Structure formats: structure tokens, C-alpha cells
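Encoded as C-alpha cells, the structure appears first; notes follow it.
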Amino acid sequence: MASIWEYANPRKFMATSEALLPWTVGLAAATLGVGLVWGFFFTPDDFRQGSTVKIIYLHVPSAVMAINVWIMMLIASLIWLVRRHHVSALAAKAAAGIGAVYTMIALLTGAIWGQQMWGTWWEWDPRLTAFLVLFLFYLGYMAMWQAVENPDAAADLTTVLCLVGSVFAVISRYALDFWNQGLHQDRFQLLDGESDVSPVFAVPLLICIAGFALVFVALVLYRTRTEIRARRLRALLTQERLA
Amino acid sequence: MTLGVHDLSVGRGDVQVLTGVGFTCAPGSALVLRGPNGSGKTTLLRTLAGLTPPIAGRIEAAPEAIAYAGHSDGIKAQMTVAENLTFWARIAGHRDIATALDAFDLGSLSERRAGELSAGQKRRLSLARLMVTGRPIWCLDEPTVSLDTENTARFARAIAGHLGRGGIAIVATHIDLGIGGETLDVSRFAAQSLRPDDPFAGDWSA
Amino acid sequence: MKAVLARDLTLAFRAGGGFGLALAFFLIVVILVPFGVGPETDTLRLIAPGILWLGALLACLLSLDRIFQLDWEDGSLELLATSALPLETLALAKALAHWLTTGLPLVVAAPAFGLLLNLDPAAYPWLVAALLAGTPGLSAIGTFGAALTVGIRRGGLLLSLLVLPLYVPTLLFGAMVASRAAEGLDPLPPLALLAGLTLGAVAAMPFAAAGALRIALR
Amino acid sequence: MKAVLARDLTLAFRAGGGFGLALAFFLIVVILVPFGVGPETDTLRLIAPGILWLGALLACLLSLDRIFQLDWEDGSLELLATSALPLETLALAKALAHWLTTGLPLVVAAPAFGLLLNLDPAAYPWLVAALLAGTPGLSAIGTFGAALTVGIRRGGLLLSLLVLPLYVPTLLFGAMVASRAAEGLDPLPPLALLAGLTLGAVAAMPFAAAGALRIALR
Amino acid sequence: MTLGVHDLSVGRGDVQVLTGVGFTCAPGSALVLRGPNGSGKTTLLRTLAGLTPPIAGRIEAAPEAIAYAGHSDGIKAQMTVAENLTFWARIAGHRDIATALDAFDLGSLSERRAGELSAGQKRRLSLARLMVTGRPIWCLDEPTVSLDTENTARFARAIAGHLGRGGIAIVATHIDLGIGGETLDVSRFAAQSLRPDDPFAGDWSA
């Protein structure tokens, strides 16, 4: 059987991802479309929050994904560190931009929601703060990729950074379990039996989360391809110069 | 202590500059690296010194045996000549700087701030630094730049002394140094291609 | 190790070496704050511990890029890397020298600056204790950041971006010590946490910094 | 003049050029303050304009030493000084490039950071207006300071020390604009003063900076 | 345009290095400065270029006529060779960099980032910079450092062309450049004393 590591070869990856990309894009668009339309137009308003509750379909998926993306970057970076697969490092680089945008969406929607719910745009509770620090790590991570000339050195250095930032990713997910304080919504268990969110909201929300995840997969494939092409271009230019 | 280099490929950034480099230096022998601008002398010396990892091949000599002196010399402008030398001597684990000062006639300059030296005086200081490292293999990149004739002769004497003590010297230069030794033209090994291990290179059309 | 330490201290005290400037910067931040937020004594007293810590942190930050960058520019760092000295030891010596020339003066001078901001009298000893426990951690984390950004021309701003988030916990607990003391609460728990953070940073830093240096010098 | 401007902007956008990092630093300072002074909304609202200005000022400060130092280190500055370009024009081009890469992004982003500190809604437009009127002055004064300290290895801290006192009036009036707006008072007088300060700084700076450069290069 | 130097005293810091320097260069002539390390060649050239003010004496030539190239070359590592040259050409008020690129065979390197050049390639770039300044008097401090024989010949041709157009070149060097011209040994003017205008010097006992 072919080893999974074959896909770490850029050429192999380009071929496979080319075949996969249309499907992922289609699936992502469909899932996200269904989830958002369902959530926005076919769910009742909340008795307490009115139509504001619909922000949930943007806020929760983007917040969840913002953290997941960082964890994915961590895994990709570690693969680079251990096995020196270039595609893996480039995937981490490609994911950072998406993760940062998700984080920003979560921050913005959270702020708007907070303005409605808590009467303030921002609160300094542990989870929100850790999340904001995570955003800073996204920025620093991208700046680091920008600043270092040599791609291999950049990959190594950003890996170190990614490792350190993971602490804050974990805190922004589990802060409430540690400190059990703060204004922010408790972690609700969408999947276990006694969900505290009525299924009317939960099902479209789950679809939205899946949609955001698929959008991420599609974008990351796309951006990784772009990164590979950029490296390829660089190699070709160098080759031409040397010829 | 012999320096053996076998089938070495060296590069800078994405580019492989030299490939298949091989030579051996017995104790007491010098090797002069020659080659036109951009042929890869500096790259080879940096790789020997352990500053750049080789692309392929083997270097037979502990990196702790090698002292490197390149274009930038690690001299602190705010410290005096003697303080600069003492620092490097202490890092190398001993304290005698008098021999090195003498070898390059720095005695009269030893209390001067290094920032107030002329180009040639600075160069002498960085050559003196080599002597205090006490390492057997010297890798020198254009060591006589800015030196006048008298000091070039001093440098040749220092090299001769080092070889006489069983040391080895690898020297890249464009001009004649009068230190004897074999000459190696690095352009023989010119590769100037992408690194062979670059997965983004090669023909992708297939 | 001793040689590096001695050299760095010498350089710091020589002209242009920057000793004492951290202190001056600290002073200026502390003076500027009342201009920014208005001179009401109560507000000032309220925010004093936080501002003092913020000032210390920024002063510390501003001198971080000296740690490795100068040595990198003049080639010393490459020569040190090929010398017998382990990079871990080098990083430790550098962090220590940074603390001695930046952190320590801040600790000594902080009570005087507290006066300027109407710090609560009860808080003074605790402020000093907290700074003493916290600033070595700042130097250690900063050395790590400096190692990450060495070789990036004028990495100063990038360095701040990377290091400041890591300073958050220290700042948090540090300010908490003094403000709890001012409010009459027990300042020991945050102080212990602070010391723990510092110990952790000092223990882990040399290895992380040496790793980053190896990559940067390659 | 255009050549210098184009080059500086190119360098800023190239790898390691540092564009956007001032913004990131601003953000970080704004985030750190609540940690230091505690997250009480009312206190924060009270000190928000001052802190925003302080953040902008520090972010601006951190990038000042790029203005001339890099050119000095690689010898460009000497060559420019002996070229046909008057040093006054050079200083002006440098200040403009600094403002475009540092001040302008801060102005654009400031409202978003205001949210984090619970700035009073009425103050937003005035905050932007004040920053727009004030930051060019910061760049101009900073360029002068950078010219004074060029040639001093790692003059960064010394530079801050020289420039910060000069920033006091800008900070004072800048923070006053936003806080008066928040309190419902007329923010126009300090705004006018701020604009006056900036005009004065921009008009006088090229000559002062050129003079300082001539001395430093001698 | 003639360069005349009359009874010039030059110094660095508190020290007067040369005194009584005098020479004239007619258009089309070159002057080679020689002298041992630390004798004051760099100091003299910097003074001629207007970077260091003279202690005494007169330099007859507008500073706007002089282009200087010293040890540091004002090259931005992040910009390409062509971008670097274009910048200096624009500062000098014109836009043609092709001749300069040709003269030092930089055509094939023009899209390379300057930071990725070897020592000799960088040196060629900084010599090409001189040509785009379009100034008649060139002050060069050890211009052929790091250049191989082929490029040293190129440099000699560039100087010859410049002199042929009525230019002047003052060149400090330790090695033979093959550019002809008169030779001036600066150690003839050696002073190595405190500046005569230093009010804290001299005999205070009286």
C-alpha cells in the first residue's frame, strides 16, 4: 500500500489536490449555504435574545474553527519538524491566514453579540483574553513567515512559535474548565443527550460548523497549492538564472 | 589532525554552488583556494567551519578543531584591542594574548579602541584573534585584504609558524600570498544548480 | 560564560552601551501617563501598579534587540557559535547580563517612581518583591524572542510582537501583587505564581533560545 | 525626493521591512493595559483616550530608529549626504515614508482598538481626527530625534529618551480631544492646537534634522 | 575641472593624521595613494569627499563634483541589483543604468537580490554605482578588494574610460591596479599628533 507520506511530495500533492478541490469547494459551499440559510431564515427567534441569536451561526463556528486551525497548524508544523516534509510546512503557512480571519470574525461577531447581550463590546474575561492573545499569535506567526528569507529557516522558527502559541489556543477553549468564571457562554455539549440548546438551533448550528470546517479545508488546499506554486516559481526562476 | 573532505556538495540558500569537492590536508600543509568571483570559495569555507550545513558529503575533522575568519570579524568597536583579544582567548579557555599581539605588531595599538583602527589595523586584529583560539585548522577568507606589504609578510610568517606547529591552513584569496602550499581552483567543482534535494525543482510536466 | 557576562557588562557601561537608558525610559513612561489619563489622584492611585509594571515591561522590551543583534551584525555570534562555548550557556549569560543592566536598576528605582503615581504606601515592599520575582522572567522570555528574531534586520518591532503576548501572564500577576497589597488583600498567591513563571522561563529558555539561534545562524 | 520615498516604501514592504508591525504593537499595548490596571469597565473608559494615544506614541517610537540607522550602517547615508539631494529634502521624504508606513495605519485602526478599551461612542470621530492631526507631528519630531542619534550604535533607547519629552504636548492635546468629546465638551480647541503643533513640527523639522545629520556624519 | 589640494591637514577624532598635503590633478589624470596601514589614506579620501572637515588647508573643487566609494557601499540587501542602481541613478538625476551594468558585467545578476551576492559581486555593484553618479572626480578607497583578475581588468578599463572623458580618479590601494597615473605616498605627510587647534593640548606648565 502506498504510504500516506507520498502526499508530502509537492507534485503528488498538486495532482491529488487538483482532483479533490472541486469536490471540496462544492461540498463546502453547499453545507455552508444550507447551514446559514436554515439558521438565518428557518429558525424561530429566541424568546430572550430576539433575532440577535442568529449571530450564533457565525460566531460559534468561526470561534471553534479558529482554535482548531491553530491545532492543525501545530500538527503540520510538528510533521515538518520531524519528517521535513515541505508541503506540511506550507500547509501550516497557508492555514495561518485563514485562521486569523476566522479569529477576527469570531472577535467581531462576539463583540457585536456582546453589545446586545452584556451591553458591552468587550470584557476581559480569561477566555476572551486568551482568544485575543491567540489572535496576536496568528499575527506574529504570519509576520515571522514574512520576515525570514530562507523558507526552511522560516518553517523551523514558526514551528517553535506555533508550539508556544498552542498554550493560548488551549486556554481559550478550556479556560472555563480551569477557572469557571467570566461572562462568556459556558461550553455547551451539542452532541450529548441533554443538550441545553434546543435541537431547533443545534442542528443548523452543527451544519454551519461543518460548513466552516469544509470551507477551511477547501481554502487550505487552495492556498497550499498557491504556496507550492510560489515555491515552484522560485525554483524555476533560480534555475533559469543559473542556466 | 588531518582534514579530509570527501565528495562534498555545498550551497547557499536554494542554490548548490559546488559539488564533488574532495581533498585532504596533512598536518603542516596549506591549501590555497582560488577561483573567480562568485565561484564558491566563501561558501566552501563556511561549510568547513560548520556555519552552513553541507548538502551532501563528508568532512573529516571535528568542528571544534576549526577556526574561521571571514569578512566580518567580530570586533567590538567600544573595546580596546587588548580587551577584544582577551575575550576571545577566554572563550577559547586560555589567557595568553601576548604572542598574538606580537605576531601582528599590535603591541603599540593594544590600548586603542578597536573602532579607531584603520582598515588594515582591524584586519590585523582579526588575524590575531585566530591565533588565540588555539585551534589547529584555520579557514581564512581573503585574509590579506587591506594589509600593506609589510603586514602581508607578517601574515605569511604567522601561517608558516602555524604550519610548523603541525597546523593546517585553508586560505581563499585572489592575490598571491607567498605562503606556498597547494592550490585548488574551486571552479573545477562548479555546480550552480538548484539543490538536488529541492522537491520543488526538476521537471514537473511528466 | 563569565567571559561573555563580563564583556556584555563592559559594553553596556561604555559610551553608547545603553546602561541606564531603560531606567530613563521607565521614568518617562511613568511621567507621560498622567498627561495621557489626566492628573486626578484617585484614578492614578488606582492604576499605579499596572502602569509601573507596564513601564518596566516596555523599558525591558526596548533593550531586548541588543541582546543578540549587535553580536550578529559584527560576526561575533557566528564565531561564538563555532567556539567551545555551548549556545545554551551563551543564552543564559546574555539573559543574565540583560537582567543586570535593565531589570535590576528598575527594581531598585521602582519605589521612587511609585511616588510619582501616588502608589499606596502599603504596596511598596510588595511592588519591589514582585519586580524582583518577575523581571528575571522578562529577561529570559525576551532572550528567547531575541534569539528567534536574530538576523532579521531591525527585527525590533517583530520581536515586540512575539514577546509581548508572552509577557501577559507576568504582567497580570505582577500588577496583581501590588494592587492586592494596596487593597489590603493577601498578595502572596500571585507572588508565588510570578516566581513560578520566572523559574519556568529561566529553566526552559536556554534550550529554546539555543535552538532558535542554531536555526538562525544556519 | 520621490526616489527616496519610493525606496523607503519598497523596503518597508519587503521581507523584514516591518510594515504593519507598528499596528501590531499598538494593539498589544492596548491589550496589556487592562491586564495591568484591571478589567473594570469604568476605569478603562476613563483612561481610554490617554492609553490609546500612549499606545500610538510608543508604536511610533519603536520604529523611529529605522529611519536613518539602517542607511547609516550600510553607508547609504554618507553617500546620500554627498549627493545632489539636499539633506532637508531627505529628512522630509524620510518623515513622510515613516508616517505612511506607521502613522496612517494607526489612524485607520484606532477605532477598532477603542472598542477594546470601552471608549465612549461620542469620542470615536474625534479620536480619528486627533490622530490624523497629531501623528504626522509625531513622525516629524521622531525624524529629528532619529537624525540626532544616528551613528550611535543602538541609539534606540537614547532616541526614545530624547523624543518622548517632545511628544508630551502632542500627547496632552491629543488625549484631551478625545476625552473632552467623551465628556460632551467642545473638542475643537485642543484639536486646533494639535494641528498647529504638527504644522510647526513639519515646517521646522527638515532644517533641524538636516543640521543634526550634518554633525553626525562629520 | 581640476582638483587642487593646498597645504591640507586632515585628522580623525582628536588626532591630526596628515599635514601639508598638496597636489593637483588635471582632468584625465589619476592619482594613486599609497602608504602603510594606518598612514591616513582613508582619512584623506573622506576629507576630499567632504565627509570629514579638514583641519586646515584648501580643497579646490566643488564637493558636488566628487563621488566617493569607501568600505561600506550603501547597498540594500533586500533590493535587487538593478533596483539599487536605479535608486542611485535617480538621486543623481538620470535613469540610465545599462552602461554601468555592462561595464562591470552585472547584466546577468541584475535581478538578483543584492544580499545574495558574493563579496566580489557586491564590490562590482558598488563600483557600478560610481558610474551612475555621473560625477567627474572619483575618490576610491581600496576599490579592487575581493575582485578577481578579470574584474580588476574591468575596473582598470572603467577608470581608463572615465579618465578619457576628462574625469579624475584618486585611488588608495595596497596592490598594483594597472591604471597608471602618478603615485603619492601619503606617509610623506605623516603628522600623528594632536590637532594643532586643540585648546587643551600643548605645554600648560608655563
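In this document, chain identifiers A, B, C, D and E correspond to the written order of the chains, with residue numbering beginning at 1 in each.
Quick note on the criterion: contacts are C-beta pairs under 8 Å (C-beta built on N, C-alpha and C of every residue); 3 or more make two chains touch, one makes a residue touch a chain.
What you see is a predicted model; the values in this text were computed from it and never measured.
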Q. Counting C-beta pairs in contact, which comes out ahead: A-B or D-E?
A. D-E
Q) Centre-to-centre on C-alpha atoms, which chain is most distant from chain C? A) E
Q | From chain B, the most remote chain by mean C-alpha position | A | A
Q. Approximately how many whole Å separate the CA-defined centres of chain C and chain D?
A. 24
Q) Per the centroid of Cα atoms for each chain, what is the distance between chain A and chain B, given in Å? A) 49
Q: Averaged over CA atoms, how far is the centre of chain A from the centre of chain E? Could you give it in whole Å?
A: 57
Q: Give, as an integer number of Å, the spacing between the C-alpha centres of chain C and chain A.
A: 33
Q | Contacts with 2+ other chains: residues of chain D | A | 15-16, 21, 24, 28, 31, 35, 73, 153
Q. Residues of chain A that touch two or more other chains: which are they?
A. 129, 133, 136, 139-140, 143, 147-150
Q | Residue numbers of chain E (touch at least two other chains) | A | 71, 78
Q | chain D residues touching chain C - in the complex, by the definition given at the top | A | 16, 18, 21-22, 24-25, 28-29, 31-33, 35-38, 43, 46-47, 49-51, 53-54, 57-58, 62-63, 65-66, 69-70, 73, 152-158, 160-161, 164-165, 167-168, 171-172, 175, 179
Q. Contact residues on chain C for chain B in the complex?
A. 2-4, 6-7, 10-11, 14-17, 71, 73-76, 78-85, 217-218
Q.
Going by the contact rule set out above, which residues of chain E touch chain D in the complex?
A. 49-53, 63-64, 66-68, 70-76, 78-79, 83, 87-88, 90-93, 129, 133
Q: Would you tell me which residues of chain B are touching chain A in their complex?
A: 13-15, 192-194, 198-201, 204
Q: Can you check the complex and tell me which residues of chain A touch chain C?
A: 129, 133, 136-137, 139-140, 143-144, 147-148, 150, 153, 156-157, 160-161, 164, 168
